[in-house]
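These notes open a run of structures that come right after.
Common to both upcoming complexes is chain A, partnered first by chain B, then by chain C.
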Partner chain A sequence: MLRKLVLRVVLAAVATAVSLGAWASPSVIKIGTLYASSGYFSQASTRQYDGLKFWVRQINAKGGVYVKAFGKRIPVKLIAYNDQSSTMLAASLYNRLITQDRVHTLVADYGSVLTSVAVPLAQEHRIVLFDETGTSGKFFRPENRNRYIVLTGLPTSSQWPKVLAKFMHSKGIRRVAILYAANDWSGSQAKTLNQTLKQDGVDVVYFHSVPDSTTSYSTILHSIAEYKPEAVAEFGYSDNDIAFVQDYANSGLYFPMVFIPNPALHFEVVRKAVGNKALRYIYSYVAPPIIRYNREVTYGPTLNEFKAAYAKAGGKNVDLSTVAGFNTGLIIQKALATAPKFTQESIRDAIDKFSGKIFTLDGLFKVNRYGAQVGEFLPVGQVLPTKTGVALKAVFPSESAVAKAVYPAPRNK
Partner chain B sequence: MNLLEYALLAGLFYGLYFALVGVGLNLIFGVMRIINLAHGDFLMLGAYGAFYLYHLLGWNPLWAIPIELVVFLLIGLPLYYLLVPRLQKSGDPEMLSFILFFGLSQVIEAAAVFVFSNNQRSIPASVFGGAPINIAGQVFPVSWIVSAAVGLAGIGLIYAYLYHSRPGRATRAIMAERSEAAATGISVNRISALAFGIGIAAAALAGIFSPFMIGAIEPSMGIGITVISFAIIVIGSLGNPIGTLLGGLIYGEALMLMQTYLASWSELLPYVLLILILLVRPTGLLERAVRSA
Partner chain C sequence: MVVAITVLAYVFIPYGYNNQFLLFNMMMYMALAQGLNIIYGYTGYLPFGYVGFFGAGAYGSALVIIYLHWSPFPAVLLGGLAAVLVGMLLIPLFRLSGAYFSIANLAAAEALYYIIANPHLASVTQGPYGISLPQVYDPNAAYWTMLAILVFALILSGLMRRSRFGLALGAIRENPVSAEMAGVNVVRSRAIAWLLSAFIAGVSGAAFGWYISVFYPETVFSLSITVFAIVFVLFGGSGTLLGPLVGTLVLYGAYNYIGISTPQYFQLTYGLLIILLVLFLPSGLTSLLRKRGIDVP
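Presenting the complex of A and B:
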């Protein structure tokens, strides 16, 4: 009898301890992330990390992030490791963040490649992965049955060219050439454009991939010219785009429309590399900060306010990655302020609750049940001459346009 | 037919340029029997030199040629005395050179990231001015013609140095047999240092034109260039500078034909050529020529 009583008391004590442990307020909210200070992704990764760090500084200046489960603000501690753009190192460091550092939220490094190794780890450990810019459609397939991923920024890459296809259709373009670098990001855009154009009855006269490492496009451009396309879309990383535009500008060839994706992501990098003249009348997507969300913003600072605060804090070169990093902080902030319990499941449910209801400096935040971003979209832009050089301006659709598209592009630009 | 003509002519220009890319690596191997795995990184530094001269001072890349030749020759001479004589004293200098120069490559890349950042850079091809040039009914960028001409001139100068100058003849003597050359009174270290400096300067010279032929400049571009250079000199024959010209032309033609007809597979080209040459003629296409040199 006594033994039973002791056992009950012990069990009750353990249950209470566990319960208290689960609900005990932590002294800091640990956010774990990776960045790359070297290697292929370092440029975008460090800027994305800068954006996230800026959010941490700002929120800590207010006393921390408000956590609804505890009804108070708690300081944020950012734990970050350098993965040097290596997926192998990233896998081990993500694991360290989850198992050793026991972070409360996990934020992925830049892009799909460095995010890819975090996705299965987060799913296995049942921790929500805040995916900043890993837009590969593979992460969000229904068959993955993965609730533990949320794409905070850009839409999945396969969605990007849908507006582009509409633009081509609106201009009466009938013959399109599509060239893409053999990687998931470029390939998914190329395939979507190909399918969408075909559905619209547009003839895709050239559809080929080239290796990621391709940096000479002159002969390929001549091959494309044989098919007499009215528009050429090239999908690749920024060094592919730079070489493509350089070679096009010097080829003596003419296409009424040429599209590349990277000016939307790193406009100044591409512009400085190829020069204003080569970039004139080239089309690209338009994303924040080139497209400025100010009046629409319902959560966090407007883009102008962010840029001013960032510059005041000594930050330079706000680009899409910086905005993406900061925006991820905002989404984490909203999730913690909404979740009634401090558990991963509750945080994920909270995200579903405010999905489609908040508009940040990065656009409408809306995710589907698999965590894919479906709220944001990328308008089509064109690099147009200005008094001081060139600027990428939104030209389609009309509700986003700030300038009129010059189609066909002038022959002697 | 039109495409084939374009690919063949483009391959010729690329080939001449890539011969210049590889010749420095070959000269160093021929004289010292060491593999400079940092070769591509010196090319990268040469590219950044031209980039900054253009963007900061507005200088045409052609002005970078004399400046970089002198600067990189002066870098190469002390670097030789710092690294190579110690390597030569080891039991297996060829193998150890792989490790040492791989380390040097990593150091240069890391330093370049620190100094230049990881942003991709380039020089607008319009810097050479004018419209594209029509050759045999095909239109080519002026920058290609200039790069190919400099490539041919660079190979020609190294040929002239080796075959028509006193230190060049001494260099060939060292290439043939190092110990015998030393026995005849040739200052092996002095001549080797000069060859090392010329090899590095040739890499930097090729780097000046890399924005127009290879693409954007970035700190991590070196290792890929070294692999291509290695394929080129193996095709032509290790240690034979003239073979490098042949290797460069074969690489250039094969690359352009692949990009025209099998673009998706062009990345495999250097490795496929390497495997083919090693299987069919492991000594390279001009091995006999080097022995009779």
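Presenting the complex of A and C:
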């Protein structure tokens, strides 16, 4: 009888110990990420990484991130490796973060190319991948049956030009030329714009791609001019946009509207490369920090507060990547603060629960069931002259507009 | 012996080391280095565009999986055949020699990249939007397939080295005219070596695509793949079975170690390593053994 009792007590003690072990709080919350200090994506990647690092510093200054599952704050440890913009190296390093460093949360590097290799890995290891700026639509297809991805910083790239199409329609533009660099990001935007304009009855008179490496657009611009478009939209990476605008400025050609995407992402980079005059009256998207979400913010600092704190901490050059990095930290923070269990499934479920209910400095955070960002949208902006130079200002839609669009652009700018 | 040690290593290391993709990449580069060794080490032709075969294999395999719903194993073989097909198209490049051959080969690989990434062919190749293969994602099966490819490459390379065919290739490398006069069918021998080399790169690319399951044209046509394979062969010692293996092990190991421990000095350290190699060991690490009279397999 006594033996049985002792056995039961021992078994109960073991069961309790095992149960407590499973729920024992970690001494640190390990967040694993990659950044590129060299290569094609280095500029945006390092800024995105800086934004995430800043969030880690801020949250640790408060004693760590609040984890609901343990009812207390736990310090955050950021484990980051340099993938040098190489997908091969990135895949190996993501693998290392998951299998060797055993991070609790995985954050992808900048852009779709460096995110792509993390998607199947995260799905296989059932760890939520916080995708900051990897906007390729193919990461979020229903047939992937992937619950372990959440796009935090931007909408999927195919959604970006929808407002642009509406703007063109509102201006009565009937003839549009679309030129794009042959990559996923540019191609999916071009494709959406083409389809949306055609649905609106707009005549897409020119729809062609160029290789990513294109740096001379003079001949192409003259070919486009032969179709007499009222608007020209060029989609490409920064280098493509810069070369396009420089060649347009030097060509002597005139189009009533010219659109390029990168001023929204790296305004200063583009401005410094092409100069104020060439950039005047060019259209682009508008994204934080150019569009300032302050009054709307319901979670985390407003954009102005963030910029002030970032500058105080010695940070420079806040751009969309910096905001996206910081915003990812906020989403992780909210997920840990609301997930009842410290498991990946619980964290993912928690994200679904607060999706659509929080507004951060990056906009409305809302993801669909496949993890694609559907809350944020990108208004149309125009580079307008100011007393000190030029500035990109939101001009459409009216609820986001802070300036009136100058259309058609002045011939002699 | 070399093959057995390699197999044992890749069978047992995963039990103690979790980063499977690093091991996969190591195997992949070892296979590519052996494939490159067959054409460069044995015949002296250095193809800068070797990655073209790798990309052709990745895409050939992925497209039959997507459109014809092939299972991955035959698709990997077909990836190899796709690379062989590209290799056959490029055989006329052998009319060139030295740097001209290398550069023309690089241009061919770039042309292939632009064809695949062309948005107007998106309905066939998926263009710049890349490939996604969630339906066959199985990294473990891809890992063992890569090991089989490596074993095949090692056995092939080892057999060639000791065979009459290998000797014929060696004669071509030293002097094609003399080899021809000695009765070697230069055109045929060189073409066979070229296609075998292409096949190894093709199946490696196919297995790589299967392993990562999501990739873009720029991922599988990245020039860095060729550069790594060439550097690994040169560092270890071309024309040997062991050289490319040792070169990959040391340099790819260092690449990953430095990339993690001191990423800020990565390019500097790696560059210095290569400069030291060129200055002091132009025939690769295995030349140290040969100088001491040790026969290097």
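As a convention for this text, the second predicted complex is superposed on the first by the 395 of 413 C-alpha atoms of A that agree within 3 Å, B and C clash if a C-alpha of one lies under 4 Å from a C-alpha of the other, contacts with A are read in each partner's own complex, and residues count from 1 in each chain.
Quick note on the criterion: contacts are C-beta pairs under 8 Å (C-beta built on N, C-alpha and C of every residue); 3 or more make two chains touch, one makes a residue touch a chain.
No experiment lies behind these values; they were computed from the predicted model shown.
Of the two partner chains placed around the shared chain by superposition, chain B and chain C are both touched by A:S38. Using the contact criterion defined above for the overlaid structures, shared-chain residue A:T219 touches chain B, although it does not reach chain C. Once the two complexes are laid over each other on the shared chain, residue contacts for A:T386 go to neither chain B nor chain C. Shared-chain residue A:Q199: touches no atom of chain B or chain C. In the superposition on chain A, contact of A:S25 is made with neither chain B nor chain C.
Contacts of A:P211 after superposition on the shared chain: both chain B and chain C are touched. In the superposed pair of complexes, A:A243 makes contact with chain B only, with no contact to chain C. In the overlay built on the shared chain, the residue A:T87 is in contact with chain C alone; chain B does not reach it. After overlaying the two complexes on the shared chain, residue contacts for A:K277 are found with chain B alone; chain C is out of touch.
The intersection of chain A residues touching chain B with those touching chain C, taken from the two complexes, comprises 37-38, 182, 209, 211-212. In the complex of the two chains, the chain B residues touching chain A come out as 2-3, 6-7, 10, 14, 55, 110, 113, 117-122, 124-126, 131-132, 139-144, 211-216, 218, 220, 224, 255-256, 259-260, 263-267.
Against chain B, the residues of chain A that register as touching in their complex are 37-40, 42-43, 182, 208-216, 218-220, 222-223, 226, 238-239, 242-243, 246-247, 249-253, 269, 272-275, 277-278.
Per the touch definition, chain C reaches chain A in the complex via residues 18-22, 25, 114, 117-120, 122, 127-130, 132, 134-135, 137, 139, 212-216, 218-219, 222, 224-225, 255-256, 259-260, 263-264, 266-267.
Listed in rising order, the residues of chain A touching chain C in the complex are 37-38, 81-82, 84, 86-89, 91-96, 99-100, 112-113, 116-117, 119-121, 123-124, 136, 138-139, 141, 143-146, 180, 182-184, 186-188, 209, 211-212.
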